[in-house]
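The letters A, B, C and D name the chains in turn, as written, and every chain counts its residues from 1.
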Amino acid sequence: MMDHLILRVMIKLFFAPILLFALYVQFHGDYGPGGGFQAGVIFASAFILFALGFGLRTTQKAVPPSVLPYFMVTGLLLYAGTGVVTLFLGGNFLDYYVLAPNSHHNAGQHMGIFLVELGVGMAVFSSMLTIFYYFAGREPEISDEDW
Amino acid sequence: MNEPLQLISDFQPSANLMQFIEISILTLLLVVSIAMLRMRRLFGVVMLSGIYSFLSALFFVALDAVDVAFTEAAVGAGISTILMLSAMLLTARREKPFVPGHAFLALLVCVVVGGALVYATFDAPLYGDPMAPANAYVGQAYVDRMAVEISMPNIVTGVLASYRGYDTMGETAVIFTAALGVMLLLGLGSERGGRVVSDVPPEPEASPSSDSTAQNSTAQNSTGQKSPAPTANSPIGREDAP
Amino acid sequence: MDFIAQLPVLPVVLPFVAAPLCLLLPAGRAPWVWATLVAWATFALSLILLEQVWINGTISYAMGGWSAPMGIAYRIDLTNGMVLALISFVAAVVFPYAGPSVRDEIAHKQTPAFYTALLLCFAGLIGVTITGDAFNVFVFLEISSLSTYVLVAMGAGRDRRALTAAFNYLVMGTIGATFFVIGLGLLYMATGTLNMIDLHERLVGQDNRVVKAAFAFIVTGLGLKLAMLPLHLWLPPAYSYAPSSITAFLAATATKVAVYIMLRFLYTVFGFDFPFLSVALDFFLILGVAGMFVASLAAMFQDDIKMMLAYSSVAQIGYMLLGISLGTVDGVAAGLLHLVNHAFMKAALFMAVGCVVLRLGSHQLSAFQGLAKRMPWTAWGMVIAAMSLAGIPGTAGFISKFALLQASFDKGGLTPTIAGFLIVLSSLLAVVYLMRVVRVMLQPLPESGPFTKPVVRPPLLMRVSLWVMVLANIYFGLQGGGLIALTRRAASILMGVDAGGAM
Amino acid sequence: MLGLFSPEEAMIYALAAPLLGMLGIMLADKAPNVREGITLITAGVTFYLVLIVFNSVAQGARPEVPLFEMMPGLSLSFKLEPLGALFSLIASGLWIVNSLYSIGYMRGTNEKHQTRFYMCFALAIVAALGIAWSANLITFFLFYEALTLSTFLLVTHKGDEKAMRGGNIYLGILMGTSIALLLPAIVLTYVLTGGGDFTEGGILAGSLDEHSWVVMGLLALYMFGIGKAALMPIHSWLPNAMVAPTPVSAFLHAVAVVKAGVFGVMKVALYIFGTDFLSQSGANIAFIWIAALSILLASAIAMAQDNLKARLAYSTVSQLAYISLGAMLANSMGVMGGSMQIAMHALGKMTLFMCAGAIYVAHHKTLVSEMSGLGRKMPITFGLFFIGALSIIGLPPMGGMWPKFFLMVGAADAGQLAIIFVLALSSVLNVIYLLSIPIKAFYMAPDNHHGLAEIEPPPWRWSDREEAPFLCLLPPLLTAVGTIALFFLVGDLYKFLSPLIGGA
């Protein structure tokens, strides 16, 4: 495992830009293609790439598996919670207008969409990483002759 | 809405370069899927499925469905491939030997489904017809109303997160459920979970997952030994649970 | 927040929000208590909602404030209001029962995730039930199905065949879901909308191949989900190897919801003026009758009680399909009635089996020998529920069988009359296979074999839950009038959506 | 005393009393004397309550008690009419007699699970009363099934392989016919008429063309669906049920179960079809002949039986067909004869069964061929058997004479002269297979199965007796006296039943 030098260098090189790209997809989803779902997947794929090059345990030091359920729950609750908040503000479920009722440029919609997309992003990221952790954690690291 | 809907309008599609590209991609998709069917080595199959997803993503781009293409590339070609590889490492590397006649039912179902879809296309609106119900009715309404009601440039995001935001919440829950399922089935406390992972490659003789010993995962328990096949009257299997 | 105005969405939002929270609870009793409380609250909400629908008629609710064809609408009429109340009632009874049973079958560490999955399944089923949007059905069906696969697989702690069963279920269920979504896609192609009422309006007069193919795909897909006869093979193993409480919950809810969705698509979305409908109904008649017999015969030869009851479920689905296939208000009402009553009886039966599994560790027939002596409350509860399943008068099962018979005879004509006689014939088969169990239970305790050791009674909570279901069987057997009025009205509203009124 | 409760109250209490008694029996599991005491007290109270109800019916009241509304138009309710009152009186009265007998028999043979036995008995009584008083087909059906299920445990009381096999046939036939035939018949009736209430003059008349094949079909469904009436060819559950302890056979298979069946046939003929409608439709002719064939065939089979209980069982099949015959004659005398036969046969057959049980308790003999000379040891038992046999055959001065008389008149009225011949022939057969038993017991030497005693036996002395316990003798004595009494009380009975045939 210690001799994939080129791979590791490339992964190091790509890791940050992938994360950055994920954030871009997340927050630029209103204007261009993308959104929370794609961003979450891309964000997770950065860590998966890292795990492929540097080992699962190293990755799990960075993102411990025990925090992932909290991310998953928070993500989903961010979405559903937005709906619940709109309920309490007097609107229908997920009626974002009530978040900013007096806005003329639909700020409520923007705010709501931002929140739920963030929720989707978090939930998808943590779910994907969880799935990967459990699958990859089932067997020892992939050795060269296994490929 | 009393008049019957007309699915066929007088729209005439014109041939152009785009269609040539689409047909090429579709041909490649066919080729890849046949190759997947014929391949016995699972590693190759997984790689081909990655290629298949990538081609699909290309095809979606050609259809101007950039958001879908994006998702397909990230999920289908990216994460799924990795997950399939991880899953493959838990089982065997080769498919079970082909049993002639076994696939007859599957083939029949495929033919019937394909036939039904082809049957449906005879009456389907032409590709790209702006008057087709799918484009003219709610679809057009989204385009018209989006600017006023949500004022967001990306219509897809608007539909997904607001107009049909409830569906998206459900889809998020589906992903959540999938992760939850993996946690339950493979995680701590599960029947086969809780294996300590180390970065050190295992000793060759201790490797539980070489092609010759393990044909499928259910025949193994967590210590790598063959477990007795469950019998009809072995009601209690708690002893080997952690 | 206007409680009544927001009421339609609350029964699904409550478990939906409660589910992720459950994952964060400490392992042990807390997730169970949480799930139980949620189920009770949901049941209360469903009852209020049903009452509202009964008084004020059909309620619509625009999700996100977007009106129907643009956004997703909830639409609650008596039919799904009733199914909603049924599901939440079953949950409210089975979840308390699950506690002791799950403690025995699921590892301690997994309880939060397990109950999260259970709540998600619950939320998914409710979402499917009360939505008025065809695609939303698919989304929530996927939530419930995915969590169901996992829950079934959790039976692996007791019997590893649960994994295979869950995998088969997953494959079949996914095929079903795919068919369903292909059908939806074709419908969208033909109409450009996904709202059910809107779909119906825009489908009127359409008789083209797209719609026909869509119909076929949707019916087949749903047929897989509800275990219609040739597509039922996933059900018996899945029910047999799942944890006891899960079997009780699923048997009483999952297929019921699928039957309801089938009804909804047949009568609300496609409707009577859809020319293909009568063909499909004939088809259902044949499949229903075949299901009644094939599955009952299969049940007669099972030595595994859960397997036997699972086959019996397939047979009972045949009854419901038969009622639906009659195409009259009475027939559909009888089908709905049987849907509700069957939930009561199967929940009670599987809960009783769960008590036996808890104490004796087996659901083989041999474990039931002398049960009337060993666990009298469980055994007699099971006997009453079995009587209900066989259709003995005084129990809920009799009422629904009577209604089905009445509907078939009332329809007139040779085929429905013959179908009526086939109903009674197949219920004789039910008597035969249930009698086998009852007889074994009444025998003296075994003197040799693995089941000789004395056992403690099952926990009080499990017995109480079981008897709540048993008493429901008796209550609706003696005072079925309200339920019948409800199903009648529900059926006529469901079928009255059709403008042509081709009755 | 009889004015303590209104008839409606009495009906409710009469149904509740055995259930309460059942609870008491369960609680007194460990104390046999208390348990049997509770049984007897319950039986007495129930009989008293039923007597109140009976009395009010005799005075022309028709009390009604609605209980539950199971479905719209489908309710669980009770309504009295003379036939039901008579049946309930017989069932509850003979419960007392039978309880006394059961104590003697069950203790005499050391049976197990006696608590369960008495509990099931009480349950069966509730079911029988429910059948007797049912106001509509659904109530009838409910208690009919309840009776089947509660008696199933009695039939399989011994719990061995043979008992289970007999029980299976018992349950299989009774349940099978009721679900597969009776239930569709009931539903069809509901669909055709919109209700299933037992109404004087029948309810089908207006809603069905009398010559339609539906009438024939429906009648067939009812006649064979009410399997407890044991009309051939669905009689085979009855001999198979004889694996039960004798009190069960005596009471349930001479009184409650089989009478519930023929009572149902009678009620369907009277109140669902209506005698006029039935006779005009002509559908009854076929069943007159099926009943007649049942009478003769069952008698013939009975002659070939060596087992005493089996012989009595086939005799029951034959005698029950008299009642079905009366119902199917569908005229006033036929109905009267059939109805009387319900009462007369109950007392007569009960006597015979209890004597058979007494023989078993005292000498463990079940085969007729073993009973030669037994009369010297059990003169009282065989004397009572003789009286019972005379009643069944239909000879004066036994009550059993009257139903045959009325049936013959009815057959003549219906123009079925051949039936008179059938009845006469049947009586001859009865003489052969029933009277041969006491004759054998009294006149043959113990060890000689083939002829009359060749050696003069020693003179008989009172102390030679080896009778069964007192509690096994008193009950048959009571019923034997009853058969004689009914011969003289027939006028009152006729008057009581005359509303059935349109009289005041």
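As a convention for this text, a residue touches a chain if its C-beta (ideal position, glycine included) is under 8 Å from a C-beta of that chain, and two chains touch if they have at least 3 such contacts.
Since we're looking at a predicted model, the values are computed, not measured.
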Original post:
Considering A-C alongside A-B, which chain pair is linked by more C-beta pairs in contact?
Top reply: A-B
Subject >> Most widely separated chain from chain A, with each centre as the mean of CA atoms >> reply: D
Original post:
Could you state the distance in Å from the CA-based centre of chain B to that of chain D?
Top reply: 71
Subject >> Centroid distance [mean C-alpha coordinates] between chain B and chain A, Å >> reply: 20
Original post:
CA centre of chain A versus CA centre of chain C: separation in Å?
Top reply: 36
Original post:
Taking each chain's centre as the mean of its CA atoms, how far is chain A from chain D in angstrom?
Top reply: 80
Original post:
On chain D, where are the residues touching two or more other chains?
Top reply: none
**OP:** Pull out every residue in chain A that's touching 2 or more other chains.
**Re:** 69, 72, 76, 80, 83, 93-94, 96
Original post:
Multi-chain contacts in chain B: which residues touch at least two other chains?
Top reply: 162, 165-166, 169, 171, 173, 176, 178, 180, 183, 187
Subject >> Inter-chain touch pairs (all) >> reply: A-B, A-C, B-C, C-D
Original post:
Inside the complex, what are the residues of chain C that reach chain B?
Top reply: 16, 19-20, 23, 63-64, 66, 69-72, 107-110, 113-114, 116-117, 120, 123-124, 127, 133, 135-136, 139-140, 142-143, 146-147, 149-150, 153-154, 156-161, 163-164, 179, 182, 186, 188-194, 201-202, 204-206, 208-210, 212-214, 216-217, 303-304, 357, 360-364, 366-367
Subject >> chain C-facing residues of chain D, complex >> reply: 68-72, 74, 76, 138, 141-142, 145-146, 149, 153, 159, 164, 168, 171-172, 175-176, 179-180, 183-184, 187-188, 190-191
Original post:
Any idea which chain B residues touch chain C in the complex?
Top reply: 1-5, 7, 113, 116-117, 119-120, 122-125, 132-139, 141-142, 145, 162-167, 169-171, 173-174, 176-178, 180-181, 183-185, 187-191, 218, 227, 230, 232-238, 241-242
Original post:
In their complex, what parts of chain C are in touch with chain D?
Top reply: 387, 391-394, 398-399, 401-403, 405-406, 409-410, 420-421, 424-425, 427-428, 431-432, 435, 439, 442-444, 477-481, 484-485
Original post:
Contact residues on chain B for chain A in the complex?
Top reply: 43, 66-67, 69-71, 74-75, 78-79, 82-83, 85-87, 89-90, 149-154, 156-158, 160-162, 165-166, 168-169, 171-173, 175-176, 178-180, 182-183, 186-187, 192-193, 195, 197-202, 209
